[in-house]
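Could you have a look at this structure, given as structure tokens, before my questions?
Chain IDs A, B and C follow the sequence of writing; residue 1 opens each chain.
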Amino acid sequence: MARQKLLQVNVPGIAFAIGCIIVFEITARLGWLTSYVPPPSIIFTALGQGIANGEISSQIGATLHSYFIGLALATALAVTLGILMGTYQPVFDAFKMIVEFMRPVPSVAMIPLAILFLGLGPQMRISVITYAAFWPLLISTLYGVRGIDPLALDVARNFGITGVHALWRVTLPSALTGIMTGFRVSATIALVVTITTELVAGNSGIGFYISQMEQANRLPPMYAAIILTGILGFLLNALFFQLDRRIVFWTPAAQDKPA
Amino acid sequence: MSISTRAIASQRQADLPAASIPQSTRTAKGTALSISTVVIALLAWELIARHMHSVYVPSVTQIAITFWHEWFSPTFKEQAIPSLYRMFFGYIIAAVCGIALGVIIGSYRFMFRLLDPVLQYLRATPPTAIIPVGILLIGIGDWMKILVIAFGAFWPILINSADGARLVPRERLDTAKIFGLTSFETLIRVIVPSALPQIAAGLRTGLAIAFILIVVSEMIGSTNGLGYYILQAQRTFAIPEMYGGVVLLAILGFLLNTVFVFGESKVLAWHYGQTARTR
Amino acid sequence: MIVEREVILEVAALQKRYANGTLAIQEITMDVRKGEFASIIGPSGAGKTTLLKTICSLLAPTDGYVSLHGKKIEEPPPEMILVFQDYARSLFPWLTVMGNVIFPLKKRSDVSKTEKESLCREAIKAVGLERFANYYPWQLSGGMQQRVAIARAIAFRPEILLLDEPFASVDALTRADLEDLTLQLRSDFDITMLLVTHDIDEAVYLSDRVFVLSPPPSVLVAEIPVPLPQPREQIRTRSDQKFLELRNRIHGMIGKPKEQALAEDEEHVLATAALELNKTTS
């Protein structure tokens, strides 16, 4: 049943999307758009070339490298601290205020700080990405842990499962829905921050490539890279959506049932 | 991915309360612990900074003095105010367009299907990647930032409003029909209030994005503003000023969040009451 | 003495096929008279809700038509108001009880504001929720929420009230109260009632006439008059011998296709036989 639904292709939607691209193409070629915006055909050609000759594709690797490492670090830290804070009141109290004050700081404001200590390389980027992805995931984990049915923990205690063991086998799985939601938010933010740090002060990655092309006035590759970020974002969204469904397979949303 | 499961997932997000941290039973002991960790952290910083004598790590007192000096002076008007009004302008544009278009798209099933792939792609594009295009087309004035912010904040508001409009229970729409309400009346008096929790979630995300984008757009293409200030401070090694700027951003972010949460709790009091009951 | 009331609602050869091709309602012809309490009874899934929604024009019939006072209905008419089974989802959580009840009246420009408010207060009082006018729906119990939905319909002063299994989601005690409330409202406000339910006892208790529906594709199996004395009373009426006869008779018809139901229905067989006898002897 669920498999059938997955194959349901949104024909009118895709047709509309293709139609938009065609309209874009025509208006650009007719010269109705500013000369700063080349027609899609030229952009896609540049994209294809850039991937084929490695100009763009090498940067994709750099971007994804920083992205996944930053996201992984953030996840490990946020989930751990979130579970601890959610389970043990003293831990919660201890960190509560620090979290409240540090959380609203936009991660991008940390870029100059990071540059100061780590220069312009991937490490600087990874630290900013980790910082950015950490907070939403921490909050979601907290809520996920707090929303746990106390009954689950009581049942576990009945069977002699307590302490760290209980945390791993009962708390973590129960909080997983909240954690997954937070993870997907963090994943989106992480991509934005990755591209941003590369754009503002990078020496590699797609964002860096974009600013380079802009300065060199090579517009088609610049647009190609911008389009690429959208494609990347789209694919990552889809990837994590599927991950969500599979990991938290017991929720109604994962089974395509109404909530 | 099925449209309905995405809507449910986004509703899950909307149900997350707006307050940043779940309020536990506030004990005196708890509050004391919270404050003491902050104090300890600041003290530790101070001691390490004095010990290190590094330009990169000014002491807390140094930062505090610079902060006091800088931000209670014309600098605030020159740097902070422009950032704020650019952000608000862009945010308002995004909010008005996002809610209006979102609610309309969500109410008409076919339109939603039609626009879905395009919307999914556009919202996945990191808005910061648009900045170079913005600079090319509009230059580095106020409008570039305002439009970039509007572009970035628009998507979560649009998508959430559309989801909210789609999730209105069938019975409410039928009730409106039974009592003879026109399509427009139904939209305004039934769909929009029903979708308000979702819309609020979108506005919340949009605000966070707007805040990020103002800083970034000022770092990349600006001659003033908080983003420019912080980056410039780093470049000219005015380190305490740089930290001071970050602290100011933290305070502004905190204030924005608090005001938003307060407003939301007033407007959505009925929603919290209802969901609290069913939990 | 039974006065022949005038027919105000006619359902003529109504058919409803869903978009996916399933035939929910094959053919239903019935009528509703002014001031009467009519019930439609059928097993779950018989398309009772669909029938009600088609009657008030929320859904369009695939064949046949519905006419009110002799005029065909194409759009939900203000004279006919439907009360939904799922009250929680039909009430507006951002409005108080008063806000919900006055909601449909807001667009009526021909009624003054003070009059609207008094209509609402009267309706709220009639359902017994005077004290709760400023509460929000989610602060009330299920039975009270259903009363709000009913009050909202009543304040609009419809001629006919359609009720879609309105008491299915409340507990038995509340159900008895709500049943009696409905009877009270019918006499106080002179509203014609058309109720859909799967509860046979309820149907017989409340109605002047009971329409029995077959399983889908639904047709009308029988139209059964309920000549029990008025006013109805929970204990006295339900222990009446005639009550038990009627309910057992209807019970025998539920869930079976029309031919089978009628064949097994003794009274029907006797009546047809008597008719045949009359024909041959006259």
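Throughout what follows, a contact is a pair of C-beta atoms (placed from the backbone, for glycine too) under 8 Å apart; a residue touches a chain by one contact, two chains touch by 3 or more.
A quick note: this is a predicted structure, and the numbers were derived from the prediction, not measured.
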| item | value |
| --- | --- |
| Most remote chain, CA-based centroid, reference being chain B | C |
| Comparison of A-B and B-C by number of C-beta pairs in contact, larger one | A-B |
| Averaged-CA centre spacing for the pair chain C and chain A, given as whole angstrom | 54 |
| Chain A-chain B separation of Cα centroids, rounded to whole Å | 17 |
| Rounded Å distance between chain B and chain C, as computed from the means of their C-alpha atoms | 50 |
| List of chain C residues in touch with chain B within their complex | 53, 56, 58, 75-76, 78, 81-82, 84, 86, 89-90, 92-94, 103-104, 106-107, 136, 138-139, 156 |
| Footprint of chain C on chain B - complex, ascending | 169-172, 174-175, 177-181, 185, 189-190, 193-194, 196, 270-271, 273-274, 277-278 |
| Chain A residues within the chain B interface of the complex | 5-6, 8, 10, 12-14, 16-17, 20, 34, 36-37, 89-90, 92-113, 115-117, 139-140, 142-143, 146, 177, 181, 184-185, 188, 191-192, 195-196, 199-200, 207, 210-211, 214, 219, 222-223, 225-226, 229-234, 236-238, 241-242, 244-245, 252-254, 256, 258-259 |
| Interface residues, chain B side, partner chain A - complex | 1-2, 4-6, 8-9, 11-13, 16-17, 20-22, 24, 29-31, 33-35, 37-38, 41, 56, 110, 113-118, 120-122, 124-133, 135-137, 208, 211-212, 215-216, 219-220, 227, 230-231, 233-234, 239, 242-243, 245-246, 249-250, 252-254, 256-257 |
